[in-house]
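Two complexes are shown next, each including chain A; its partner changes from chain B in the first to chain C in the second.
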Partner chain A sequence: MRRGPLTRVLGEHPVGTAFVTPYVVFLAAVFAYPLGFAVYMSFHDYFFAAPGAIVDRPFVGFDNYVTVLTDPAIRRAFGNVLIFLVINVPLTVVLSLGLANALNAAIRWRTFFRVSYYVPYVTASVAVVGVWLFLFNSNGLVNSVLGPLAPDPSWLVNSRLAMPTVAIYVTWKQLGFFILLYLAALQNVSKDLYEAASMDGAGRWKSFLNVTVPGVRPATTLVVLVATVTGANLFTEPYLLTGGGGPDGASASPVLIMYQRGIEQGHPDVGSAIGVLLVIGVLLLALIERKFVGREED
Partner chain B sequence: MKLQAGLLAVVLAGSLVACGDSGGGAGDADAAAKARGPISIWYSNNAEEVAWGKQMVTAWNAGHADQKITAQEIPTGKSSEEVIGAAITAGNAPCLIFNTSPASVSQFQKQGGLVPLDSFSDGKSYIEDRSGDVAQQYKSADGKYYQLPWKSNPVMIFYNKKAFAKAGIDTTNPPLKTYDEFLATSRKVVASKAAKFAIYPAPSNEFFQSWFDFYPLYAAETGGKQLVADGKSTFASDEGKKVAGFWRTMYADKLASQEKYTGDAFVDGTAAMAVVGPWAIATYKGKVDWGVVPVPTSSGKPANEIHTFSDAKNVAMYSACKNRGTAWDVLKFATSQDQDGKFLAATGQMPLRKDVATTYADYFAKNPDYKVFADQASRTVEVPNVPNSITIWQTFRDAYSKSVIFGQQDPGEALDGAAQKVDQLVKQS
Partner chain C sequence: MKLKFAGLLVGAFVFLFPFYYMLIGSLQAEPDPSVGGAFPAPGNLTLHNYGEINKAIHLGRSLINSGIFTGGVILGTLVFGVLAGYALARLQFRGRGLVFNLMLLIQVVPFQLLTIPLYVLIVRSYGLADSYLGMILPFMINSTAVFVFRQYFLQLPAELFDAARIDGASELSILWRVAVPLVRPALLTGVLLTFIGPWNEFLWPFLITKQQDLQPLAVSLSNYLTTVSARAANPFGAVLAGACVLAAPAVTLFIIFQRRFISTNISSGVKG
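Up next is the complex of A and B:
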């Protein structure tokens, strides 16, 4: 069959293409262009300049990547975010699934609990950080409860505990969102399966393991991937909780360092190289997670 | 399919080109230097400075109907330096910003965002006549002035008289001249529970925090040395190590805190002392009965020999400005003796002029609290005006934070290591 000119331009389904076009343009403008430009900057001696200013921005090959990979502070920041993810992602999955399962049951005050878990997620970090500083400083509530067992130096100024404390804070703050994802997924698990499991003599725990967990696997894949991506973008929390990544860079994240190098210090080329490496790292991590967590869907 | 992929490529390339176009140029600099017409300015969002800025603009506009100023507070951002940097890149910076940090000038200059004030025939002479020798610290590496030294907030040690009295310390002449005296006084304050900490400089890792702990004491100890001088770092010297050692003892003995504080520890009574400039006096009014002394030195130098950090903010002219002739006239008007006097009266901050104390003798007679700052203003040390300035300060802060605040390395060793890195950064310029 001979294809008309419109079909040749817009494909077999022009209406579908028309619907997709705004999104393609949006993606091009806010995602593809900045990403491409960041890659370009990372291979040049690049800095921001006034319009019309005559500046030289020569191609420098992998120099910016060498700078990034040989800087102990940046390497440490990448290590820190790995520690963060190792704590944050499993904790997020376990807590949000457990709580969503509990909140899905017919319990009293269900709406109150759901709102309570969601409130930290929608509250500005700046506001809740004050509460956490009050809880976790050396004279805070947590140390008062722990008494002689309290760590010295205290949580947020302890180089071993600073990042885990930030990870726990972020887990708590974002839990409401992930609980919502699981609550939605739980609506799709057939009640028949629970009844069948009950007929087979399965208790609550066995039903949870053999019906709920497999039933919400697609949601688990999503939770793991979203938690990884948001975790890799960690910035506000270490900035506010630990005063710019202290102590001694123990809670600095790659995005925080990217901001310092790229914006504060005027080296967006090095900042871009950090960003490109972070994207590659997150993609690899996401692929690995997809392979393990999402394997039964394939 | 290929055609669709091609269309997508065109869209992507189009957006690249559209966003990559740097737009119009800055125009002919000579013509712009003479051009007159309306201009825009930004000033700080500090309430007292806003009040001064508004009256200055009103006064100018009343006499210049064809060259009006449109003024606004600097847009809110994480820091004014980032907002200004972004405005330079976008090409929409105003003509003048009365809140330009000297530490950022080298970066703004590299961006092509600043107008050298020497490009005006009376530019150099006006700056040097107004500020005297202090002006030399604000020259850029190429020997030009890209900023007009405007106002300083010489930092000194404020102490809480009530807390000192509770600790049994003399409140009119407290023993705070030498490091030993300062440490002994601090120990008394903490032991008596007059305050939880003797002093509470921000222990966080931002590059500028060293301006309020290490740098004032370093300026005092060295008789006015900058962190970098003659293309080389200076801080890994005996003087620098003495200052670092002093602060290390303060942290190790828990006389200062390693933890971030939300709020003002001095106002809240958590700390009995603070390192701060005269801008804070308005904040302390009715909250703290304070006294003020110069920062300590190891040997207890007399007050009239002590230097400190200036904590200055300056005025710069930005290259996006079309009517630079008017902007230069406004700059001179806003920093005239009359307007500087109004600024001093409104804010308590020290205009960076020669002989502030005698020029505004009436003000200081009526406001004796500020007199000591006027005297100190003649001995201030600025951040070095060198390329990579902020990277240099962050490198220093990282080493200081690790060794002095958190005790994870010997402070002397840390300063030696930081000096090597800073020397490399200076060479890159």
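Up next is the complex of A and C:
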């Protein structure tokens, strides 16, 4: 095809620019600008004012960050999310890999099982939270079954158990999605490797450890990363399951605190600083996890 | 094999039981948290709880709001997402590489960082609080969907497009008459995956709707859960009835179209 000077400048199909324009405007308005605005707010004394009012919002350096880092309630929320991740991430990896491995075998009722595991994932958290409240109430079904073994105070109002209960809830809710990821990854593990392992006399457990686990390592990296990001996003579950992060902040998450400080109490600058620190924390965690989980990749 | 089957069966019970309990609980006149309460007594079953929750939060209105919110997101994602996905897959234009890289970069920006600035901008600066547009705007184009659409269009043979171009068809009509019909089944998967997001979304509509008659069901139900429920006679029954109404559309769609939620689609969407 002949390439005129105009083609060289605009490309062969300039109409493509028109096709992506709404998307680019969207990215600029809903991602890029707010991203910059968040960082800007976190370094200024930013507060809500009447629309159109001209107010002075001076640069305050790291003041908002100091506020965040010295507030025990906020520090506790960051600690809580670590507790959450320490329970949620390993549990997610072990259970979803185990269940995907079982589902991958030629087994009866496969569709039924796949549907059952995926149903909590497609259902709104607000809906299933209602049932969990009912189940884990002090006189709920779980405690009736446990009888004298039931914890006192009960699960969601117990400062030691509230965050672990939230972590278990989220693991249960999201597991189906991770099972699907592992099911896709299992298709790529070579059958020959299993045959070779069984020739060498490896039992089922040994070939799972030596063939399956290394074979799905890229998927594990992804599962760990997505589970971490989901965990850092935690809001709905502590807000509804534990009545706004109770008891006494034991299950407050950084996003919950961000909402309370930033919007309820009218300090968007502090809220933005929490957001920036949270993102930096997630990136650091992701790097560390990559080092440990993804080390044999590439 | 027997062991695996038994393990899967136990797992399925753990996963499905809360849904069974949700349905039973929503139909019980008297809440019964004992073990016996998990088995429905025919005399204790009633639709009364559905009436209660309907009186408290106007189910119909909330469902319409959820529908408008979800419909708006799906419409935006389909129209603008297909246009962008097609351009990125099939058209050579200046800045294509830049837009593509931008799209990949955006997928790693966590939404939580944007919550506060978006709230300030949309509610305070643009005055879009308590409006459908404000609800829909942050989700209007889903970058994951753009990426998935692009993958679908890339799989089509190039000769098809060359032939249509030689015939003098405009790009818009090639997209509409050639490309879209060929990937229609895949687009349905895109719609189904997009549906779950806004239908179940809580934080954003919760932040920007204070007016009860504009709130999607997830928001009105959570408000009922946190404020009113303490005073109702059978609060759990009413909450569970609302939960069933909220869960039903997504679960039904999922069961009908479960074959479309195949793992490859989802993982290609996530890998970014």
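Going forward, the second predicted complex is superposed on the first by the 261 of 298 C-alpha atoms of A that agree within 3 Å, B and C clash if a C-alpha of one lies under 4 Å from a C-alpha of the other, contacts with A are read in each partner's own complex, and residues count from 1 in each chain.
Keep this in mind: a residue touches a chain if its C-beta (ideal position, glycine included) is under 8 Å from a C-beta of that chain, and two chains touch if they have at least 3 such contacts.
What you see is a predicted model; the values in this text were computed from it and never measured.
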item	value
Which superposed partner A:Phe59 touches (first chain B, second chain C, both, neither)	neither
First, second, both or neither for A:Phe292, with chain B first and chain C second	neither
Residue contacts with chain A in the superposition, chain B compared against chain C	C
Partner chain(s) touched by A:Leu222 [first = chain B, second = chain C, both, neither]	second
First, second, both or neither for A:Ser116, with chain B first and chain C second	second
Touching partner for A:Phe37 - first (chain B), second (chain C), both, neither	both
Touched partner set for A:Leu135, first chain B, second chain C, both or neither	second
Touching partner for A:Val9 - first (chain B), second (chain C), both, neither	both
Partner chain in contact with A:Pro153 - chain B first, chain C second, else both or neither	first
Chain B and chain C contact sites that coincide on chain A, given as residue numbers	9-11, 17, 24, 33, 37, 48, 51, 130, 133, 137, 243-244, 263
Residues of chain A defined as touching chain C within the complex	9-17, 19-20, 22-24, 26-27, 30-31, 33-35, 37-38, 41, 48, 51, 98-99, 102-103, 105, 107-109, 111-120, 122-135, 137, 139-141, 144-145, 172, 175-177, 180-181, 183-185, 219, 222, 226, 229, 232-233, 235-236, 239-240, 243-244, 254-255, 258-259, 262-263, 268, 271-272, 275-276, 278-279, 282
Partner chain A, residues of chain C touching it in the complex	1, 4-5, 7-8, 11-12, 14-16, 18-19, 21-22, 25, 31, 33-35, 37-38, 80-81, 83-84, 86-88, 91-96, 99, 102-103, 106, 109-121, 124-125, 127, 137-138, 140-141, 143, 146, 170-172, 196, 199-200, 202-203, 207, 218-219, 221-222, 225-226, 236, 239-240, 242-244, 246-247, 250-251, 254-255, 258, 261, 263-264, 266-267, 270-271
Complex interface listing, chain B residues touching chain A	1, 3-4, 7-8, 11-12, 15-16, 19-20, 22-27, 81-82, 85, 88-91, 93, 107, 110-113, 202-207, 258-260, 262, 319-320, 388, 390-391, 394, 398, 401-402, 405-406, 408
Contacting residues of chain A [partner chain B, same complex]	8-11, 17, 24-25, 28-29, 32-33, 36-37, 47-55, 73, 130, 133, 137-138, 153-154, 156-157, 159, 241-249, 260, 263-267
